[in-house]
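Below is one structure, written out as structure tokens; the observations come after it.
Going by the order they are written in, the chains are A, B, C and D; count residues from 1 in each one.
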Amino acid sequence: MAKISIKIESRVLGEPNEIIVYIPKKIQAKMKSTGPKDEETGVDQAKVPYNVIYLLHGKNGDANAFFDFTNVMAYADKHEVITISTSVKNSFYTNMVYGERYFDYLSVEVPETLASLLNLNIDPMHTYILGYSMGGLGALKMGLTYPERFRGIASLSGSLRSMEENKRKIKDEDRRDLYLAFGDCEEISAQENDLFQLLEKAMEKQVNLPEIYLYCGRKDGLSEVNRAYHEYLEEKGVSHTYVEDDGGHEFERWDEQIKEYFKIIHK
Amino acid sequence: MAKISIKIESRVLGEPNEIIVYIPKKIQAKMKSTGPKDEETGVDQAKVPYNVIYLLHGKNGDANAFFDFTNVMAYADKHEVITISTSVKNSFYTNMVYGERYFDYLSVEVPETLASLLNLNIDPMHTYILGYSMGGLGALKMGLTYPERFRGIASLSGSLRSMEENKRKIKDEDRRDLYLAFGDCEEISAQENDLFQLLEKAMEKQVNLPEIYLYCGRKDGLSEVNRAYHEYLEEKGVSHTYVEDDGGHEFERWDEQIKEYFKIIHK
Amino acid sequence: MAKISIKIESRVLGEPNEIIVYIPKKIQAKMKSTGPKDEETGVDQAKVPYNVIYLLHGKNGDANAFFDFTNVMAYADKHEVITISTSVKNSFYTNMVYGERYFDYLSVEVPETLASLLNLNIDPMHTYILGYSMGGLGALKMGLTYPERFRGIASLSGSLRSMEENKRKIKDEDRRDLYLAFGDCEEISAQENDLFQLLEKAMEKQVNLPEIYLYCGRKDGLSEVNRAYHEYLEEKGVSHTYVEDDGGHEFERWDEQIKEYFKIIHK
Amino acid sequence: MAKISIKIESRVLGEPNEIIVYIPKKIQAKMKSTGPKDEETGVDQAKVPYNVIYLLHGKNGDANAFFDFTNVMAYADKHEVITISTSVKNSFYTNMVYGERYFDYLSVEVPETLASLLNLNIDPMHTYILGYSMGGLGALKMGLTYPERFRGIASLSGSLRSMEENKRKIKDEDRRDLYLAFGDCEEISAQENDLFQLLEKAMEKQVNLPEIYLYCGRKDGLSEVNRAYHEYLEEKGVSHTYVEDDGGHEFERWDEQIKEYFKIIHK
């Protein structure tokens, strides 16, 4: 295996950041140099794309959250999936109204950096994105903003509130974190961030939507919000998987779900 | 810039190890993806090789020694040189008689791993190797064993003892570290490790020798040993650079020498 | 929580090494400064010792193995246990006959280093040691060599071969790794390393033996060896816990066992 | 030596962050356990405080900036100084008007965390704070806000603009970074952040001011701003050291200055 930590001075953020790429042993063994010197490189092998998954952390998390609190390396090994993770602070995966442009960082700079530095063969039909909590929102936002890039989207206990609800929370609960990310939750912010609007826009594109997987436990405060998004998907006729159990908002459940999701990827 | 730390489970060593690759900002900007998607990639740019230097640590050191105790990142930035470093314990850059095969690790597994994972364009005419103390021995050993791979070799205060001297030290000073690496210093170990023999073998090959740069301070206990190797190079008619000053065996001097050597690379 | 990585230049090993200490959030909240300035420090609080566990990796592993391949951080959080881990290469937790003194490093230098640098309140009645595979051997060796220091020992799929068996393996299977660690498996090595002899010596001391927990799956190649040690403990009248299931030699099982063992600690 | 990296979930920031503490070999050797078990601990030794310096990074930097771009570890070793560093993003060492409370993090949570976890003996008479660029501002702000905690303050090429100038820059140059930190630069922000006001407040306290060391090169865009602060200190009759040379805004000069400053600490 190879666990690659890339520390960059992010041009978009104006800050250092870390990208972690985990390559399971079996994939590493298949990877061949594509440099100009290796003319005998197995051409066919080079064309076989690997399964890749972006892992998006929740609030208070960072690039290491999945490694620290789930067994994702074991699942990646078992099902031969490369994982990619990085840190976006508590940005809600936005270009923050008051803060840095974390969505541009994640959607533009990270893939460009990986494409330039690493010898990966990334293909949309083998690319997935998964997040928990705030990262569930991020996964859906990325996947619906760029549906042509992903085969599947998984949101685990995602913060899938509508922009309306965010607005209410900012006002009623003084949620400073939401305010820094979404500002006044106005039209322009909603167009970029509202998962309901993003779904509609994605459906208008002439591309297949990534397969959507939603999980939320019934003891989770976000349970209703997730059910609402599930119903919205149904209403729009978007086929998807919706999983409920008696879980709360906790890593133990996300670990189980990741284990399940990696099986799906592997199929 | 990108500071890439690659943690691998080394096949050769049967142990985890870390390879650190530092890519200065200006080189990173030039690097282009060579993936199947980027057909418009500037073909010419891809053919321009970068200057690359292997940095070999001394005893008690590891992959971070140069970053911790010298300003190598600043020199790398200034002169546009990619650095590569890893850890070989106190192996004297041997396939240890009693221990792991660190020379195979460094000379075979590390380059293969980098070629398979990273998108580097490594070219012998732009590849250098530098080490301090035990790493000076390592640099000369690598460079003379594989002269076709390197443009230049730099040994700073290198442990350039002959196998005879190692044998004596093991016997008289009970140098366990030398014993684990070189065993009885017999013929077979000497063929692989003796810098005097390695020079002769390199000269017999139909390749240009890398340019050799030797430094040792006059207050350094290895001063005589280095002068002896310098004289041997002269005797053999191998053009090289030999630098002496009043320094001891210390990072302060190595930092100065690295600064100078990176200027030479840049020319 | 605090995940503390301490990189030291080990005096015993003559090499850099890393010690990782994970302190769960709830324990961190209880910790108070004991510096000379904090005279008002809650005296009582300072006297409450924390549960601490040493985690010993197996072959090819290092200080990060438990974090990478098990959910130990989650269990540590849940049951309020501080974890300590470091790397001993493939030393079989010996002072290697051909190599470094890893047992001294682990049993002397690591505790001393932690005692001098960190503000921990370590107490034998709250100290445990657990290892998998080669680390299972290490845990029993440490716990039986210093029974007065530990409350409990857990060996998961431990390499609990007798010195006789090691000798046979070196001869018949050319096991170089065992040879570097145990040499000719002679009397002196056996006195230090043989778990059967170590148990007897521990029983002669006027101290309580730590509680021993043995696990090995029936599909594990080490199954017989573990059963033999279990029977030896029975024969000697040493009360202990012996757990078997249908598992193999794999992290998935060790993760389950760690989860169970941390519950025991918590009681 | 011990290089300690502490990763915490910051309570103040609601984000993970890293604190790096470097302990030179000679100090480590002197440190003794103060745990309840070590009653024979040399009482006198424990009372000798160590020289400690906080190192504050500039914009785009982080806890590693000094290690990566200067030889601070070598100077720390030579002059026996413990270094402490962490990351505050591009916060200008404020409790950001739009963002996190980095000043509280640095001035309250970091010292508390270190006091609770590490066995350091920190004493104001042996505590220093140094920063470059934005970190120069941070050093003066910390040192003048809490003069009773520091013996010396060093600002290297510090961003020592008055709040007036910040306001102008936000308006005329659209400096978003300054806006996120200082907002409208109103009275309340100025009281906390304006170095001119902070000096006056510090002078009103019944404590000795830390010794102030200012450096700025003449080719540095911040040269005038630094000279202005130097003149303000003179006007107020605050004795201080002011160093100018022909340098620009660059690590090469800061490395030289750090080397000099550590000599002063050592005296």
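Assume contacts are C-beta pairs under 8 Å (C-beta built on N, C-alpha and C of every residue); 3 or more make two chains touch, one makes a residue touch a chain.
Please read all numbers here as calculations on a predicted model, not as lab measurements.
Taking the CA centroid of chain C as reference, the farthest chain centroid is that of D. In the contact between chain B and chain C, the residue numbers used by both copies make up over half of all numbers at that interface. Chain A and chain D have Cα centroids separated by 37 Å.
We define each chain's centre as the mean of its Cα atoms; on that basis chain A and chain B are separated by 40 Å.
Among the residues of chain C, those touching two or more other chains are numbered 3, 9. Chain D meets chain A in the complex at residues 9, 14-16, 59-62, 64, 87, 89-90, 98-99, 177, 180.
Per the touch definition, chain C reaches chain A in the complex via residues 3, 67-71, 73-74, 251-252, 255.
Within the complex formed with chain B, the chain A residues making contact are 1-9, 23, 25, 28, 31-38, 47, 112-113, 115-122.
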